[in-house]
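Each chain gets a letter, A, B, C and D, in the order it is written, and its residues are counted from 1.
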Amino acid sequence: MKRISTLIAGAAFATAGLGIATPASAATICFAFQDLETEFWVAGHTAITRTLEEAGHTVIERNANEDANRQLEQVRDCIAQGVDGIIIIPQDGESAVTIVNEAQDNDVPIAVFNRPPSDLSKGIVVVADNASIASQAVDFLAKEAIASRDGDGKLTPMIIVGDLGDPNAVGRKDGFYAALENYPDDFNTPIEVASDWDAATALANLEAAVTANPDIDLLFTSSDFLFPTIRSVFEPRGMWAKRGEEGHVVMGGLDGDATACQLLKDGYIDSTGVQDLYFEAEAALSAILAAIEAGEAQPNEVIEDPGFALTSANLAEREMDMWGCVLLSEGFLDQ
Amino acid sequence: MTTLLSFQDLRKEYFGVPAVRDLTLDIRAGDVVGVIGENGAGKSTLMNMVGGVVQPTDGEMRWQGEPYRPRSPGDATARGIAFIHQELNLFTNLTIAENIFVDQFPSRFGMIDRPAMRQRTADLLQQLALDVSPDTDVDSLAPGERQLVEIAKALHRDAELIIFDEPTTSLTPRETARLFETIERLKADGKTILYISHILGDVKRLSDAIVVLRDGELVEQGAAADFDVPAMITAMIGRALGGLYPERTSEPRDDVLFSARGLTQPGILEDVSFDIRAGEILGLFGLMGSGRSEMARIVFGLDPLERGTLALQGRPLTGGVRQRIASGLAFVTEDRRAEGLLMDAAIADNLSLVAIEEFGRTPLAFLDKTRLARRTGQMQADMLIKAGDIRTQPARALSGGNQQKVVIGKWLMRHPALFILDEPTRGVDVGAKFEIYALADRLAAAGSGVLFISSELEELTGMCDRIMVMNRGEVMGGFDRAAFSDRDILAMAFGKRVPADEVAA
Amino acid sequence: MTDSGPRATVSGRDEFPAAPSVRQRAMRLFLSDYFVLYLSLAYFLVLVPFLPTLSNPANLANILSNMWPLLVVAVGQTFVLTIAGIDLSQGSVVGFTSVIGAMLLATSASPDVLSNAPIWGLIIDEAGGPLANVPGGVLVAIVAMVAAGAMIGAANGLAIAHFRMPPFMVTLVTMIVISAFAIFLTQSENIRNLPESYIQLGKGDIVSVYFGEQAESRIPRRQIHSFITYPMLIAVSVAILAHVLLNSTVFGRQVFAIGTNRRAAEISGIPVRRVIVLVFTISAICATIGALLYSTRLEAGRPTLGDGNFLLDVIGATVIGGTSLFGGKGKIIWTVFGVFFFVLLSNTLNLMNLSSFHIDMVKGAVIVAAALLDVLRTRLIRGEAS
Amino acid sequence: MNGSARDRATAVLARHGTLLLFLLIIFVFGTQVPAFIGPENLGNIIKQASFIGIAAVGMVFVLLTAGIDLSVGSVMYLGPLIAGFAMRDYGVGVAGGLVVAVAAGAVMGSINAFLIVVLKVVPFIVTLSTLFFFRGFGAYLTSSRQFDFPEEIRTFGLSSVLGVPTPILFFAVVALGAHVVLSRTAFGRQVYAIGNDEAAAAKAGIRVGRVKAGVYVTCSSLAALAGFVLIAQIGRLDTGFGEGREFDVIAAAVLGGASLFGGVGTAFSAVIGATMIQAVKIGLVFTGINLYLQPMLQGLIIFAAVFLDSLRASRLEMLRRRFIRPR
């Protein structure tokens, strides 16, 4: 069993090593992440740990299991252990601020990866804005849907919402609404479907929603991991079709995972919002290692990741910027 | 006749303390053997060894001449020994048929063969003259009927030896009579019976032979004809007891302490009226289902009352249980384990339960632990409760008699004016029974009223100043001490009416 | 129900008499009320050689500080379990009341984040909550939180006591409804910018210890270790109060009586319904105080505080301590040890640098091992008693 | 008495309260959105209820013995996962995968049973720790990544037999099978006996340990089956799959009438409970009520059902009371 897990990690990231300069001395880095339940976080987690280990640093991992309090406790444990630096993927922006303060009070440099703290002035912060990325992806979907409309009735959009307890889910939902607001005359009030970030719940609710509203024109899922679920509901109803084929529903998501990349290539979906995972990881690592090298205890820096939407239109040129496509090209879905 | 079961130097110790000491005894096939003794004399331990519930420390048992070493109740069952426990071993959520077959269902293709099971059960029930369907849930059976189901279970297993442990404690006189008929019939069929009971009259009547145990030893055995009740008691307690009942030490006073007028609850009570005077012990007799316990529960405020009034010491009695306790009521219920005691809590905690609020000191009702310890200790001494450290020993560890004394003691802590005692001597041995009777007398002498509910007519005639009889939720009449007659009282309990004025007066 | 255990063991530990053999003394240790504490200490001592950081002052301070909020909540659960109930709604009360406190106290709020929320404009706006910068506002907010928590607990208790609804289902429904309501109030967002005086309650030190060189002019923060903190003070007070309440008051006796035999307690005139309502109210108030500590250390009101496995931690710690799920058996001191054990367990699992994939497995195994020891112990106690 | 008609009406209401509430819910949603009571949607409700329902049938076995199983959510994850490895790495096919999933569930159930029956640790603690252990083991096997099943599993999951979707078929077979086992076999009746009085069951010669072990094995096997049947519809297993589902499963069983204190409940309790909860959830989706309000409404409806049930219980107690004279 051990063999299996190593193989997976090895295959996925053999070429994904990031070009990070090795500091003079090996450092101990605490890597505290909120969870590993989606491909994106697993990919990010592996990119960071492997890069650090290959560069000869010691990595201490902490998984908070989506519990902000536990993450705070874990970071404190790390500080007590005397680590040289901390990288966190926080549960949310608010707890991130508290944790950054905790680290800086104790003179340990800290970088926040991917999810922005509410207060950007402290710590090394790599920012990706869920709302703006979602809005980029949905904007493309809206244009596609309008372009392929027959007749002039309003279009019916549907969104699969994540766990309402997760601010990221709300950010993505806000981005969706923000994008549709630009086309007030073309869309009906969106139909919201709860998923609680759970495939079984999404399956039940989406099936019910589609039964209640058979004529939807646009679907946005707040996370790419739900595409297989969507397919299960759409396929029997003849709604799972490629672009240009009869029954195609304009569809997109957010995350940019390998499945989404494959579906985009095959033409089943039209866009996905992507955070530039490798850029973010590389930037965060370089910054924190530089700070450790320089003996800086409270490095503050904001690194912005604008993210982008990978769409059927820009697939060819930007494919390899999306982490999911990189995974896909390494045979991620073939095992 | 041949020996069915024999014990040779049988011994059982619990943590080094012997419960049965080197007992040697033969049980002849076809006999009804009465086993008597006080609680703790070793009856239960002996029977548990026979039934495979516990294993002997030393010595030997032989069954039909073969060495017999049951490791589990199943072993005993397999040999043809059936054990009918005092607390029936029935599953109330299953049917009669399922209860009888619960450890070995007849099966066909992996499914229970219901028709076969039903047929067999119907036959057994017919033998026992129990006229209910095999598919009846045990939940809806009366205690006497449940007992018959246990016996049906024994018959089904074709048991050679049937052990009855206190079988009549929850039976009505009629059900008891039916049980005795059944036992006679079993005997006629050649079954051997071990009959354990505190009701010595029954033991004498039923048995061919009687075995008396005391402190784990066999102290006497012989033909039943050679024993009379006083002799049995003497053998059991090792000394002669003055009598079964203490002398009453006081007369009822004239003032009415408690009065009930026109108590009516549809389906339960109809126009029940009676008085209890200060210092009086009023007996309440009735068959199971006559409404005696139901009335007690209504008086205590546990069950609703549609019409009628209650007054204690001239003040109307209303409200819930708490209010009635505050007014001076006390209720010793018939179900000591489920309703009377916190079995797993310490004796002291049980004793202080009713009066606990009196031990609170302001502001936050902090317990006055010193006073609490003193009062509970005092109560233990007053009530002659035989126990170790009452602050740690759980009520569960006490004998039935001592448990009942704890229940009465907890009420005494609040000095109630009227005691309702519902079957207070059920499952209590002879010595403790006497103490409970004496206690009732003491309460009366101190001016309290006592409503003494019992299905043992003998103890009512022995203790009460007056006996009131109920039938089907109505008061049928009453008798003054001078007019007590077993025959008349029983006749009334079966429904023969007597002018009501004799009671309410 | 009577406090009996400690006496024998404590004295037995200090003496070095010829009389009791090693085996007997080990046995006494094993059987004492303090068993879970000994177990935790043994676990600690065994691991120290392998995890040197475990005994660092900083780490010890962490273990303690992680203990306090969980302890407060578990104390409430102890009351409920003792009456043979269960309270699944504690986690949702933590989330909900943390929002209540934060929306009253926040000194400012961003419309970008909260303008969609139903409380926006009604209770909170750019200038913060109604109690922001009001003298004594923190106290008022805490009173409001406790009142809100108490109301939820009382509602649980009323449904359970008066309608005889099963506690499991009632509190499960409360959990669903209250946590949804909290999320609804802020529309999933967290409320930040809490006043410093409030945050002090969750983070503030009263006494700190410095282990470094004396001469240094600027003491690095990482060498100052919290020793006595506000959360400690709050949690210990709650625990002591609860201990007194359960052990030394009429109410405590009534709680045990109901847990042992509700029917008998009713017939003996114990105000059963009132006690049940009070017990669930206490449980919710403890959850509220837990909310105070959790939300101030995270410096935010969070509707999702207390989600997920939090509840399992609370009940698990209480039961490992020795309180029975079947009622009639519970002690605050047991819960203190149970919580200590759970927190120590998480801490050591963190320090072992296990891959996150292994942590859950080890955690499961250790819980079972502890429970096994307890089974063995109970069997021995029964054996000795009867 | 003139109140007897009213009495009878309240008796009917009390006795069938949960069912009536269920019908009322369907009616109310139906009037809001007629499509809700269309055959397609009613079928969907049962299909989607099958996931929690199958597991809840297993939970009924455990609850009947007055036990509890908190590990079902993790078993739902680990069972199908092991089946997935078997299918992908050893090519066992869908039917084989199904067998492996159930067998894996049985093994997990045996672990629970061993700890509960042999080592005598209370079920709550045992299953709490295996909840962590099983999920941790799954995360270890996958390095916390999602697991994609071979494509053929979806063909199976989305198939139907004679127009009946496979999940419904499994649900029906499991419920009927459990009903037969519980009501027609020695094992089933002994389960009830143990829940009624475990000590008496031991005295009566029932092999209590064996029956209890059977109960936990059944529960875990069905939980694994439930997971497999659901995953078969999606084709992908995420690491968080099944998390927190233990509460849904227990709630479904209890809502349908099973008691947490043992001895009461039937296989159909689980069916009714699970279907009712699912009907409410889907009804809320149909009416398009604000997502934030949905869980609150859901909770309130469940509360109403539990409330009615407690009324029913006290009413039944009144009816059970032996009347000793004509009313």
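One rule holds for everything that comes next: contacts are C-beta pairs under 8 Å (C-beta built on N, C-alpha and C of every residue); 3 or more make two chains touch, one makes a residue touch a chain.
Since this is a predicted model, take the numbers as computed values, not measurements.
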Topological distance between subunit A and subunit C, in contact steps: 1
Greatest separation from subunit A - chain, by CA centre: B
Between the pairs C-D and B-D, the one where more C-beta pairs touch: C-D
Gap in Å, rounded to a whole number, between the CA centres of subunit D and subunit C: 31
Rounded Å distance between subunit B and subunit D, as computed from the means of their C-alpha atoms: 43
Whole-Å gap between the CA centroids of subunit A and subunit B: 72
Separation of subunit B from subunit C, taking each centre as the mean of its C-alpha atoms, in whole Å: 46
Multi-partner residues of subunit C (at least 2 other chains): 179, 183, 187, 308, 355-357, 359
Residues within subunit A bordering two or more other chains: 5, 36, 164
Chains touching one another, given as label pairs in label order: A-C, A-D, B-C, B-D, C-D
Residue ranges of subunit D touching subunit C (in the complex, touch as defined): 70, 115, 119-122, 124-126, 128-137, 139-140, 143-144, 244, 247, 250-251, 254-255, 259-260, 292-296, 298-300, 302-303, 306-307, 309-311, 313-314
Interfacial residue positions of subunit B with respect to subunit C in the complex: 14-15, 300, 302, 321-322, 325-326, 331, 333, 338-346, 348-349, 352-354, 356-357, 359-360, 364-367, 369, 391-392, 397, 410
Subunit D contact footprint on subunit A (complex, rising order): 1, 4-5, 8-9, 36-39, 42, 161, 164, 191-194, 197-200, 203-205, 207-209, 211-212, 225, 228-229, 231-232, 235-236, 333, 335
Footprint of subunit A on subunit C - complex, ascending: 53, 56, 58-59, 61-62, 65-66, 69, 113, 179, 183, 187-190, 192, 220-222, 294, 297-300, 302-305, 307-310, 346-347, 350-351, 353, 355-357, 359
In the complex, subunit D residues that touch subunit B: 1, 180, 184-186, 189-190, 192-193, 195-197, 200-206, 263-264, 320, 322-327
